[in-house]
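Structures are listed in the sections that come next.
Below, chain A partners chain B and then partners chain C, in two separate complexes.
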Partner chain A sequence: MTLPEEEVAEELTPGVPGRGPRRAPSRGRVVVRRFLGSRQGAAGLAVLVVMFLLAFAGPLLSPWSYTDRDFTAFLQPPSASHWFGTLQTGADVYAVTLRGMQKSLIVGLLAALVSTALAALVGAFAGYFPGWADRTLTWLTDLLLVLPAFLILAIMSPVFGEGTWALFVLMLALFLWMVTSKIVRSMTVSLKRREFIQAARFMGVRPVTIIFRHVLPNLSSLLIVDATLNVSAAILTETSLSYFGFGIQPPDVSFGTLIADGSKTAVYAPWTFWFVAGLLVVTVLAVNLVGDALRDAFDPTSTRPR
Partner chain B sequence: MAGFLARRLLNYLVLVAVAASLAYMLAATALDPRSNYADRTPKPPPAVIDAQLTALNLNDQVPLLERYAVWAGGVLHGDLGKSVTGSPVNDDIARRAGVTFRLVVLGMIVGSVGGVLLGALAAVRQYGWFDRVSTALSFAVLAVPVVVLANMLILFATWLNDRLGTQVFLVSGEYTGGLDTGFWGSVLDRIQHLVLPTASLSLALVAVFSRYQRNMMLDVLGADFVRTARAKGLSRRAALTRHALRTALVPVMTYFAFTFGALLTGATFTEKIFGWHGLGEQLINSIFTNDVNTVAAIALLAAVAVLCASLASDLLHAALDPRVRAG
Partner chain C sequence: MTPATTPETAPAHAPASAPVLDVRDLDVSFGDVPAVRGVSFEVRPGEVLGVVGESGSGKSVTASAIMGLLPSSARVSGSVRLHGRELVGARDKELNALRGRAMSMVFQDPLSALTPVYRVGDQIAEAVRVHQRVTKEQALVKAVSLLDLVGIPHPAERALAFPHEFSGGMRQRAMIAMAIANDPDLVICDEPTTALDVTIQAQVLEVLKKARDETGAAIIMITHDLGVVAGLADRVLVMYAGRPVEVGTVDDVYYRPRMPYTVGLLRSIPRVDRGAQRRLEPIEGSPPSPAALPPGCPFAPRCPLHVAACDEAEPPLFETGPGHLAACIRWEDEAASEAEAAEAEEAEKETQAPAEAEEAREAERAVEAAVPRGEPVLRVEGLVKDYPLLRGAVFKRRVGTVHAVAGISFAIREGETLGLVGESGCGKTTTLLEILELARPQRGRVVVFGHDTARLGPAERMAIRRDMQVVFQDPLASLDPRMTVHDVVAEPLRTHGLGDSGRRVAELLTLVGLAPEHAERYPQDFSGGQRQRIGIARALALEPRLLVLDEPVSALDVSIQAGVINLLASLKVRLGLSYLFVAHDLAVVRHIADRVAVMYLGRIAEIGAVDAVYDAPAHPYTQALLSAIPLPDPARERSRRRILLEGDLPSPAHPPSGCRFRTRCPKFRTVLTEDERVLCVEAEPDVLPVGEPAGDQGAACHYAEQLDVVQPRRNSR
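Up next is the complex of A and B:
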């Protein structure tokens, strides 16, 4: 899967500038070059950067904040003073949309990180320690896989009050990791038979150290791709939950709550729905494109026409 | 083969039992039926509330394990308990299960067959125009959550109906009540109601399956056995369908079990948005009304459904792959 020898060799010679023509290019640089070289990867990344800038710097451009109400303009179409129009309450659609985007992006990123970390740990431990540890962890994974995530999160929703969105992120992450953990487990089982891990074991390195220093770094490409794709999965799940009132609670807003409100007025006030829906779709699409391009960039055998 | 299935079945039964118990405990802890009585005017005395909650097995002052034992005992005898209004959950669930079943089965068939066909076609002509278009479309569809897709379809249908001046697509409910147009009229009416929910449920499934099937098919197309099949004189079509497609279907079938849970969730959204009175709609409503027994019953059914799908995918897997039967 990866070439740890090259990485080690490079770490050992940090002071030597890589000018020699025979010097092998570092794996990281190869991946970055392949990633940026693919059209969809570069486009996805650019869109994502624009989205982040819009979400975090965009609110500074507008005179309205997401809590403001303009009592002279209810449900008005886009104009010079309200760029995306206003809602029935007089709230500025531009301001609330960007606020919702901030929330959705943060929730998505954090949930993806937590779930990938969980998948890596559970999968690696289950694969490395056969016997009861493997059986318990695998059984737990299967159990969470049969429980529909939406159902459990919805049942738990009364617990997510105001200001407990960190708990919401954790619960979201708890239902995203299972499939990856199964893949990590089977890859760990085969990695464990490889020579470099055998060598480390016979040198007396502790199993936990082996997992963190040898097993997980060798699965890094899978984990990076998985984390990226989990961002979109988390954003989509969060949107659906918040749509039905089970996720982010008012007065805070997210894509889901905004789409739920907007869909009620969408027929005669399209700006309340399409700006939010459009931004959501573009964001998720960009994340998916980045994930897909990363997978190709990491895969030495893939050949994709430009 | 029989031993393999028996082991699987036993494992699944244990998983269902644990999953349903967990769902009941969660629901009983997180939901608060007592709060339903708080807004009533005049406010009933606490003793009356307690007596009513106890009669429904919802009293939060009874220890959780005791409530669980009563519930589990009832479930083993086929009794799912009573809803917060006091009506038996069984009747309600039985009526609604049919609605959800029709929606899910249709969405599943359309989604998986459509996805497999699209993916296989795209793989056969890799990087052709069809492959490019279907790849771009499936990327776009995968970025749209079901809740947004359903709303977009409703908006589109409203716009189209306005444009054409007639009701082509009906966006609310399963059928028009009190319709008197004979058998074919009511069939047409049901189809008009059915098109959009099925589309919103199966489009995402088509996208997922077509991506997956395309990749599997590409792996298989270059394999030696497909070339051998061609070399022994089979036509291209026969080699592709009988040898390549069949082999490529095996991992997709395994994947099928994973998507079934997502399909149930999607059905929940679809039902709620299109106003179908199925289990999913009831789930969302019963969480808002703190209806612990109904929530637990739906969780139990969902777990059973997911495991039936897993078992079906095991069976299909065994039917398609002789090595599983031997093992």
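Up next is the complex of A and C:
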């Protein structure tokens, strides 16, 4: 492996010919290549893209909108005019499901991303900067941990009217991040003592850069797993809120309201339930696939070929 | 290198009785991966067999196979006979009756080998009671006498202590006491001193010798340190890639090695008795992975004597002399070349020595002319660092102070290497971190490139960070596992706004002897030596003037270590670097440093030019330290007199009054008179110049006196 001294000296002479400036194999590129190279990740990503397309472009294909009622067909099985059948109210299951999917995808993915990002930032900063930063952030985390999340969400639900889904996402995320943040904090404390962080400090790298360049990537496995779990958690929290009548309000629909309604008729009119449930399962599965592949791509010890 | 054959080549403890242990064609494999292949040897009562090899050579697996301690996933075949009784395939119950009674083991890490929740005395007593029908009280009495035997002071009190209250050396003594509790016929020691400091290692080796003499047991000593084996073993077995490649008496293996690997190992060890002028000869490449062995001789890809025939089949062990076996088809050539080399060396010594010395002096003058000496790149004056000792969970009270560094001063001039040596806990790493921190020290001054760190603005500090870089001990821990090699090496460039060009990274990787294609791999994909080269490449990225090296080679195998030392030496000359080289291994420091500072308990005990300090140490601690280092030279090792230090390093929270070394000082204890001792107890000595032509050697001892401890032939006492 090692070159003899003479050869090394030759190599060092200026203008090494024949070796053009290759594209630098930085971490970003390697991770993207490894992610796309894994079948799981590509499949999961493809499914997610298809789901988004379906949710947002799908309604254009059907003549029915989610607010329309077909008074000639109550609780009808799938047919040529109603592809997924109709509900008891005469609403088209296809249109309603896709509308619910729009909401749930956005709410689920965004809430998961926001909460994981929040957990990572608060945890890493609290762990990296001891003293008042740590105390303040830890106190904040503990405070949110003891507040009854469901109650507050329920009380605030009248505010989440039409068009304020962004606020809803924020509120959902706000109650999901604390436990992860505590884990991140303790892992940061132990990471901070590692020599590569010391090396970066002595090199003159600024603390905030160290957090983003060294601390967070080394916690990426945890964070990615957390984010994928949070997607399902957010969708389910939204579902249970909607089930109790909070959260997404009629006439708007979400997976939650649809499953709540559909479960009552699932036995004798399975189309009211199974399409929604199936899409929910596929979504969560796709998110998990993407998360797994992303984790492997970030993790250099994974044995997957790169 | 080859002295005349010593009269007592025959091992002192090898009676011609039946072997205690007879291992024949032992094979161990995990799944499809062979770990041990065809190991055969025998050990006679009272004999010490040294098993030497680098990490991954299968030596520990061999030991576990003998003890029957391998996991069930391991496939073991061949034969292991203890007093003629077959152990391979024996049932666990049978083995249990033998383990601890007929054979016992001393492990590398004494902390994890002792149960933390039981008292040490009880654990030893339990070892006795398992195999002997005695009462609890009798067993405890026996445990105390065993602790006394292994040299633990106040054994009756210490028997009541818990393992965490013992120091590393004492734990290892307790382990040895446990191992010999039932008068075993065979004691297997798996790297028993690797985790210990040199002076403690010397103590433990003495205890092992004593234990051998008391019990008459045979000892299998597994180690990677050729020095440890030289003084202790009667016969040596060298392992490589899971096979024994050379077996013979200690003198045969060290003075007349027939296997190129053994030759390479012996040449690549840095030695305290040799100066820096001699370049180490590293073995090229790294050991093969056991899963992908080369077709012929496993050492062939790294072998300097490699010929086409080597790749055809794995060589068997050839009988190259009485009781001396070597697995090399060219052993006769090796013998011939050795004779030639010995002759050449003799001739060289006679004719060329003056010329060479002249050359060296000339080179030194050239270096002196090239770089302006005298301008210190780093000056430390009276540096102090205390840590508060806190207790309590809610209300932290200060219950004491750890004086990690208690006022040390030294300077490094441009183009110079200062070695900072000392045992663990002496404050060398704290010193290094204080310097790297570039903040105002608690007391004293740190001046880097002429800037006092207490008066640095952020911009200046950044500028200094650019000129001063660090290489850490553990190459894996100091490289971010989530970064590609490119990102690792480019990080300093990016931080200091120089952009990360793939070109510069490729250049740096080539400079440290790696291929530019390696840039897109992760640090895990490299061997230890290569990782350390990546660390060095990163440190060199900004073309620094001062490199701070924290034990850069101590985590590496001997054959790899030599390559990294040579690389550091050549980079220093080529790029005009200055090094602050922190290490516990004095032999490595001798090879790389120009000056050396020996630290003890937060203070400098002795400082001076390397040759002066090593050839004529004046401080009793330096003398003890140097005499404790085992030399890979059996004849000299046997005739050497060790200065054994008693006890352990005192706690830096309660350092002794006056001279910090006086509690362990052999001079204080034996030579000095009552009146002379008063000074040691009352006054803390400063570093004062010693030596006839008052050079820059200085020792912090009231009664400093130069003494040669490395070369016994010129030893005056």
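The rule we apply is simple: the second predicted complex is superposed on the first by the 201 of 306 C-alpha atoms of A that agree within 3 Å, B and C clash if a C-alpha of one lies under 4 Å from a C-alpha of the other, contacts with A are read in each partner's own complex, and residues count from 1 in each chain.
We take it that a residue touches a chain if its C-beta (ideal position, glycine included) is under 8 Å from a C-beta of that chain, and two chains touch if they have at least 3 such contacts.
Computed from a predicted structure; not experimentally measured.
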item	value
Touching partner for A:T97 - first (chain B), second (chain C), both, neither	neither
First, second, both or neither for A:N218, with chain B first and chain C second	second
Touching partner for A:T272 - first (chain B), second (chain C), both, neither	neither
Chain B versus chain C as contact partner of A:Q76, first or second or both or neither	neither
Which of chain B and chain C A:T116 touches, first, second, both or neither	neither
Touched partner set for A:T257, first chain B, second chain C, both or neither	neither
First (chain B), second (chain C), both or neither touched by A:N230	neither
Contacts of A:S157 with chain B and chain C, given as first, second, both or neither	first
Residue numbers on chain A that touch chain B, as the complex places them	142-143, 145-152, 154-159, 179, 232, 236, 239-240, 243-246, 256, 259-260, 263, 266-267, 270, 273, 277, 280-282, 284-285, 288-289, 292, 305
Contact set on chain A toward chain C in their complex	1-3, 5, 8-9, 11-12, 16, 19, 21-27, 30, 194-196, 198-200, 202-205, 209, 213-214, 217-218, 220, 298-301
Chain A-touching residues of chain C, taken from the complex the two chains share	282, 284-286, 436, 461-462, 465-466, 469-470, 472-474, 477-484, 486-487, 490-492, 495-496, 500-503, 505-507, 510-511, 513-516, 519-520, 522-525, 530, 535, 538, 563, 567, 570, 574
Of chain B, residues touching chain A in the complex	15-16, 18-19, 22-23, 26-27, 30-32, 127, 139-140, 142-148, 151-152, 154-155, 158, 258, 261, 264-265, 268-269, 272, 283-284, 287-288, 295, 298-299, 302-303, 306-307, 310
